[in-house]
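There are two complexes below, and they share chain A, which is joined by chain B in the first and by chain C in the second.
What follows is the complex of A and B.
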């Protein structure tokens, strides 16, 4: 298990006038290869949670274990290793792009960890391919002239070039158009399913999270208020209502049809799977 | 009214124009949404509306004041408030209240009036508990709310909101959109909402789709939502409910009307017995 949190609390500006408790007594485990979506209101503690996992922030109380080891005990050298294994993509990562050329931006990480230019080159090519950026077309383009969707993919490729085993993402699709969102979400699903990289992503759109994640967690005021496998999401219908979170239309419809006596299996929450079952019912005239 | 006549704009060193020959009128009490893919020219258009960018060709005027005359720029910017998508690029003060007071102070208002505007604006965006906080201690979504309060404290006649909700949760989005709509009704301000969410844009009176620097389509929400595959071509994701209906209709023997927007009507069609 890569991450275990035990009774973790975190306060910003502790002991100061603006002390603010961001997380309270979190107990939580993430398995290898999971794909977890995290939701919550502004200021609920989502970003704090992510930053605890790669030790950008240290738990003020309780323990964060990575691969069974207490992060609080990590040496500086171990922390560098940790941050290669646990990649972090911040909100609006394209703002952190600094190199003039796409190639140099993505090669920065591999070069920085001491890879020779041949190995670094291989990493750049691989990670560009993973995010759907054609090497010939993009590698010598200027980063400043890219669209925001393209920049987002360059920033992501820069993280992937470090070959993380686990990937933490803070709102990876914010500000992207429909096409850009789809590319990023499909890609994250791909690296999770095909390459078994653990993906933990914060996002605000339940439909998007359900379309790619297997587990969903909701944080409210520093506490976990929902933690469920995506296939059981409708079991928590009332809870979601209380939290003011709307289900995507196909699941809302499935729920209401179930209430009218229809048997619909929602273990697969995909739009196509739900639509097919409803169509079958209509045809069989039930 | 904001009037654009034959407006084109090319960024310095830009290879091609970001905005090409756009003519458009925005009424003083209108709610319009602007949509289009990343890089289509939406944000450039927003910056032209308040004189932050000046057209290379054509003219932009706000209530008759042309942005081509330097002496008009200050009055234009008082009238037209512009909110950028990224809060970190527009926060500058050490405390939330200083941040929100910055605009009104620059308008030369009385201290009591400034205090009043700051308190009211923070209350409107539900951030009154953070008045003495440094903005950098706030979350992304909270910062977006502070930026909105700063804009509201200026009491502009036109609000140009460039993806104002990108870091907010669904409930926060809904609350703030409701707030803006109420302000429009009560104070008669105009709203221009730039968004990638057709769900949000559906609340507007008109939707403008920008593609490749030009106006691709102007229509009512009802017109736009039924554009089908054309929407995807201009980088817009159809409504989630339209996607679902499309998926239902893919199955032989199922034909659900494409213009349904609420779930209960859909469920009634699917299961009319009850």
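What follows is the complex of A and C.
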């Protein structure tokens, strides 16, 4: 179990006039290889929550354990190691791009952790391949001339080049067009399923999270208000209504048909799987 | 690294001081500062402190709100006091082998500390009870006569207002990029000079770029809303001096006069 949080609270600008309690008494566990989606309104504490997991922020109360060790006890050196293992991709990561060439941008991390140029080179090639950027075509392109989707993939490759075992992402698809979103989400699903990297991602859009994640957590006003496996999402229909969260249309349809006695299996909540079942039922006339 | 951003932060409250005209508060603040410097130790300073206490009461702020501003200055005060104690000659008050502290030194150090604290207090009081926008509005109106001399008062004040407005955002941005690069193994505090410089570059370059981008966006957004400088521009909130403003201004002027004359 890589992450265990026990009764974690966090306050911004503590002791000052504008003190804001961002998180209150969080208790939960993330398993190795999970793909967890975290959702919540702006200011609900989701970004704070991510930053606690790789000790960019320190829990003000309670404990954050990584592989059984209390993060509060980590030395500076251990923290550097931790941040390699627990990669973090901030919102709009393309804004942190600074190098002129794609290659140098991605090699920044590997060089920082002291890899020689041969190893760094291998890491750059691997991570570019992972995010679907062709090495020959892109490595000597200038970062400034890339599209925003490409920039985001470069930024992502920059983190992957550190070979994280767990990946934290803050709104990885924000501001991308449909195609760009699809590429990023598919890719995240791929590294989770094929390479067993734990993925914890924060997003606003329920449909996106449901399409790739296996577990869903909703944070509201600093508290976890829902924590469920994605396949059981319809069990929480009323709760979602209470929270003012709309299901994607195909799941809304599945829920209403279920209520009318149709047997629809939601182990796979993808549009295709649900649509196929509905179509089959209509065809068989039941 | 950037935790201490409370220096000029407005602290909303529903108090007499909060409702005063920003021009009044600025000028009265100047009077108060002059009085602080003119006040002699100990009696006059004592009365100035009483006045300060009254202002604190009127502002409905708490002592603790001022602490974040004092804290960074403690070390400066401490160093100054030590130097004053050691190096100001006069009637010896206390001596220990080669160390000798004079009566005058103690008096100077105490006066200095009392004045410095009061100075910080009054500046903080102004920024805490007045929003930056109101402060700049007031300043613009006070400087308006200078326009006849060809000074672009409105434009200058607009630049200052925007800068003030964007400081918190800039700090947030700087912190975010720093963290992002930290996550890529860049450490800004350890390592060789060249690697630290390189990492600094990875921090400052994106920051510079996003700031320029923001400036560009903002100027376009302003132009899209037909902004074209101060000429012919009307105001939403017209500043008007009321009875309370005159009373406040007069009492501060009286305080200054009393210190100067007595």
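Everything below uses one rule, namely that the second predicted complex is superposed on the first by the 286 of 286 C-alpha atoms of A that agree within 3 Å, B and C clash if a C-alpha of one lies under 4 Å from a C-alpha of the other, contacts with A are read in each partner's own complex, and residues count from 1 in each chain.
In the analysis below, a residue touches a chain if its C-beta (ideal position, glycine included) is under 8 Å from a C-beta of that chain, and two chains touch if they have at least 3 such contacts.
The model shown is predicted, which means the values in this text are computed figures rather than measured ones.
Q: Please tell me, clash or fit, for chain B and chain C sharing chain A in the overlay.
A: Clash - chain B and chain C, as placed by superposing on chain A, overlap.
Q: In the overlay, answer first, second, both or neither for which of chain B and chain C A:257 touches.
A: Only chain B is touched by A:257; chain C is not.
Q: Give one of first, second, both or neither to describe whether A:148 is in contact with chain B, with chain C, with both, or with none.
A: first
Q: As a test of reading the superposition: which chain, chain B or chain C, is in touch with more residues of chain A?
A: After superposing on chain A, more of chain A is contacted by B.
Q: Considering only the touch criterion stated at the top, classify A:96 as touching first (chain B), second (chain C), both, or neither.
A: A:96 contacts chain C only, not chain B.
Q: Just to be sure I read the superposition right, which of the two partners does A:139 touch: chain B = first, chain C = second, or both, or neither?
A: After superposing on A, A:139 lies clear of both chain B and chain C.
Q: Of the partners chain B and chain C, which touch A:127 in the superposed model: first, second, both, neither?
A: neither
Q: In the superposed arrangement, does A:211 touch chain B (first), chain C (second), both or neither?
A: Neither partner.
Q: Is A:272 touching anything from chain B or chain C once the two structures are fitted on A? First, second, both or neither.
A: first
Q: Just one of 44-52, 80-88, 224-232 or 242-250 in chain C hits chain B in the overlay; which is it?
A: For chain C, the clashing option is 224-232.
Q: Using the superposition described at the top, list the residues of chain A that contact chain B and also contact chain C.
A: 13, 17-18, 95
Q: Spell out the part of chain A that touches chain B in their complex, as residue ranges.
A: Within the complex, chain A contacts chain B at residues 12-13, 17-18, 20, 39-44, 47, 91-92, 95, 147-149, 171, 174-182, 204-207, 243-246, 248-250, 252-253, 256-257, 260, 262, 271-272, 274-276, 278-280, 282-283.
Q: State the interface residues of chain B toward chain A in the complex, per the touch definition above.
A: Touch residues, chain B against chain A: 36-39, 85-86, 88, 132-134, 137-142, 144-145, 163, 166-174, 196, 232, 235-237, 240-241, 243-244, 247-248, 250-254, 263-264, 266-267, 270-271, 273-274.
Q: Can you name the residues of chain C that touch chain A in the complex?
A: Residues 3, 6, 9, 11, 64-65, 68, 176-177, 179-187, 190, 195, 199, 201-202, 205-206, 209-210 of chain C touch chain A in their complex.
Q: Per the contact definition, I'd like the list of chain A residues that touch chain C in the complex.
A: Going through chain A, the ones touching chain C are 13, 15-18, 51, 54, 56, 76, 80, 83-84, 87-88, 90, 93, 95-99, 108-109, 112-113, 158-159, 162.
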